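Going by the order they are written in, the chains are A, B, C and D; count residues from 1 in each one.
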Amino acid sequence: MLAMFFWAFVIGGLICVIGQLLFDVAKLSPGHTMSVLVTAGAILSGLGLYEPLVNFAGAGATIPITSFGNALATGAMQEVQRHGIVGVLTGMFEVTSSGISAAIIFGFIGSLIFKPKG
Amino acid sequence: MPGKSQTWVFDNQPAILSTGVVGGPFEKNGRLVDDFDRFFEDLWLGQDTYEKAQQKLIEEAVQIALKKQNLQETDIQFFLAGDLINQITPTSFAARTNAIPYFGLFSACATSMESLALAAFIINHGGAQKVVVGASSHNASAEKQFRYPTEYGGQKPPSAQWTVTGAGFAVIGPAEENGPVPRITSATIGKVLDLGISDPFNMGGAMAPAAVDTIERHLQDMGRDPSYYDLIITGDLAKIGRSIALDLFRNKQLAVTEEQFQDCGLLIYDESQPVQAGASGPGCSAVVLYGHLLNEMKKGRYKRILLVATGALLSPLSFQQGETIPCIAHACAIEYL
Amino acid sequence: MANKNKNKTPEQIAYGQLEKKHELKRPVLKNCIRAFWVGGCICLVGQAFTYFYIYMFNFTEKTAGNPTTATMVFLSMLLTGFGIYDRLGQYAGAGSAVPVTGFGNSVVSAAIEHRTEGYVLGVGGNIFKLAGTVIVFGVFSAFVVVLIRTVIMMWGGF
Amino acid sequence: MEKIFLMVLAFTFLVSGCNFNGPEHRDSKFALVKKTQPAPIRLSSHPESESISGQLRKDVLGFDSIYDVAIIEGPKQTLIAYKVRHLHRFKMKKIEKQLTAFLKKRYPRRSFIVSSDYKIFLETVRLQEDMDKHKITTEQAKKRFKEIIKLKQELT
């Protein structure tokens, strides 16, 4: 378990470094960077490489935004297995809903209680 | 191509009669604290939106400038001002409050000098007795419009600039007899230049050629040497823009020295403040001129200055569509006579 | 961006080169180190929450990811609302932007920023102003990837 | 800047740290941290049938990549929860396949459920502890066992 913490730190940190390099070296805007990472996550997932990474690094692989692409692709793939090709359309949010719904809910609550500080 | 002159010479030498300079909490920790008339402790200024806060900044600065001369709004013939936010609503709304006949101006951060040049022209030719001019900006409202939400955790590159929260306004009129006052002796209106920079986080780099072009035209039109001025100061070129401008002067063999060539965006904040390359915003040059520079002139440190305010004429839409950033610079020569 | 210089005049190209010389270098190494340790720490906290949910509630390793994400987004809301996250972002760059807390921050910051335009048009209309791109590209790329994979598998792949 | 940072860190660790006090299972608290090597549990309803768990344990630990295993021998199915050496976690799926294949060959008449999930392991250890302390009856234990299996089946 301690090894898990260690690898979560290292892998999570490395994914962030990739993001930083996209910022600084490729000079992408944050929006572009996030899109690239999320797409990379989906592709790795399609190749079956993301799940081993999650097994290995735990939160180090599930917390970065790449896992969002992975979760979308995984959800769709599971649904494909169950219901055939239509699953590509229907299964997308099967696994990921928590991140988005949490963001919407807390975003809205945030707008009720906070003011931007500037 | 020595064409028509871009420069107005004001024989009647309209004077800056009084000024009002206000700033926000961040400016209070800056370097020019003594040159402000009033600081607000809170970015919101007690309003419920940042846009209204900016309107309040303008109203306050105008009131201070008027009060120093014991003037009422009704004594003023025209109000020439502008800002950056959506169709310059903060300024227009402030004009609704003070009910002075109003010219809404927009040249981005060059608005401060555009308004001053136009006002001097009006006064010089007897078009009015007293006008109020100025420009303002508000950090949070500008961030919201041009970049990201203020609480968004994006990393700004070192070339980014910090929009000043502040308003600088002045009453311009024919000089009264007693004593020397700061006068506007000439103004050069710049043309829009676009040298293909498209990074909205690198305004200084985009604006430098416009500043250099306007300075060159001004010196040519007036037949002056750079050494005529104690200070040639740009609006908000910041670190990158200033060093590019110095390089361009060298290439054009203009004898502008490094000590003589300053930048408002580098004066206003302290080194320790997290402003990256420097300050920007229409409020930046207005606040520094009407506050700090005029005070220094009164103290006798400068006799003749040339203020060149630079503006990046972009919109959030234009840079997202991949357009380059056209830039402009207007210059006013202010002499203490 | 191969055609970046296509529509430029020679003057603009020459100036572009001059301008490059003066540009302040981004401290890439320093930024990367900061991104690494902050991003790593955020994931570490996430890992702690994962174990917390496994220990205390009926979540397995796989399912604990969901409540962990929700918790991280909640923390990110607090840090955003108290005005800490934007400073963290300036320090850590991608270290705070890439983890799901950065996604939360982009949603929450847009929501509180646009509250002045009302809850329906302001908050509702702008809440995904920044994060929308992540969702759009995530969904679309996942769609393409899974479609390709399914087609390959149907035609007698693996 | 640094000050704010420390604050944030302190805050998050506070939040995450102080939550680990609760569980009443004192020994299983560390089930995930260290090697537990729990003794196998037997819940078989046919006492006359031969127990295989001792041998099973040896067999499973015979895998290089597995370093800890918890076994519950139920009436019908046998649950094997195991921990994989960290650097082998990349190949977790393959290990599971190998293990299943191995067990099928070795014990063809038995039905196995294998899982590498921490949660399953943890619950197994907790169940074993409760049984050791005679906190629960065999019936209750069987019920708990079923719950664990259900949890495992939800995983896929």
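Note that in this section contacts are C-beta pairs under 8 Å (C-beta built on N, C-alpha and C of every residue); 3 or more make two chains touch, one makes a residue touch a chain.
For reference, the UniProt names are A = Stage V sporulation protein AE; B = Stage V sporulation protein AD; C = Stage V sporulation protein AC; D = Sporulation protein.
These figures come from a predicted structure and were not determined experimentally.
Asker: In terms of C-beta pairs in contact, which two chains are most connected?
Answerer: Summing C-beta contacts for every pairing gives the maximum at A-C.
Asker: If I average the C-alpha coordinates per chain and also across every protein chain shown, which chain's average lies closest to the global one?
Answerer: The most central chain here turns out to be C.
Asker: Centroid of subunit B to centroid of subunit C, CA atoms only: how many Å?
Answerer: Distance between chain centres: 36 Å.
Asker: On a C-alpha centroid basis, what's the spacing between subunit A and subunit C, in Å?
Answerer: Averaging C-alpha atoms per chain gives centres 9 Å apart.
Asker: Could you tell me the distance, in whole angstrom, between the mean C-alpha positions of subunit B and subunit D?
Answerer: 70
Asker: Can you list the residues of subunit A that touch 2 or more other chains?
Answerer: In subunit A, 1, 4, 23-24, 30, 115-118 touch at least two other chains.
Asker: Which positions in subunit C touch two or more other chains at once?
Answerer: 26, 31, 41, 48-49, 51, 61, 80-81, 83, 87-88, 92-94, 97, 102, 106, 108-110, 112-114, 130
Asker: Give the residues of subunit B touching no fewer than two other chains, as numbers and ranges.
Answerer: In subunit B, the residues touching two or more other chains are 50, 148-151, 154-155, 157.
Asker: Which pairs of chains touch one another in this structure?
Answerer: A-B, A-C, A-D, B-C, C-D
Asker: Could you please specify the touching residues of subunit A with respect to subunit C in the complex?
Answerer: Spelled out, the residues of subunit A in touch with subunit C are 1, 4-5, 8-25, 30-31, 33-35, 37-39, 41-43, 45-46, 57-60, 62-69, 72-73, 76-77, 80, 85, 88-89, 92, 98-104, 106-111, 113-118.
Asker: Please give the residue numbers of subunit D that touch subunit C in the complex, ascending.
Answerer: 1, 4-5, 7-9, 12-13, 15-17, 19-20, 22-23, 32, 117-120, 122, 151-152, 154-155
Asker: Help me check something: in the complex, which residues belonging to subunit C touch subunit A?
Answerer: Listed in rising order, the residues are 26, 28, 31-32, 35-44, 46-51, 61, 65-70, 72-74, 76-77, 80-83, 92-95, 97-104, 106-115, 119, 123, 127, 130-131, 133-139, 141-143, 145-150, 154.
Asker: Considering only the defined contacts, which subunit B positions touch subunit C in the complex?
Answerer: 48-51, 144, 148-159, 194-197, 202, 205, 208-209, 239-240, 243-244, 247-248, 274, 277, 324
Asker: Which part of subunit B faces subunit A closely enough to touch in the complex?
Answerer: 43-44, 50, 139-140, 143, 148-151, 154-155, 157, 199
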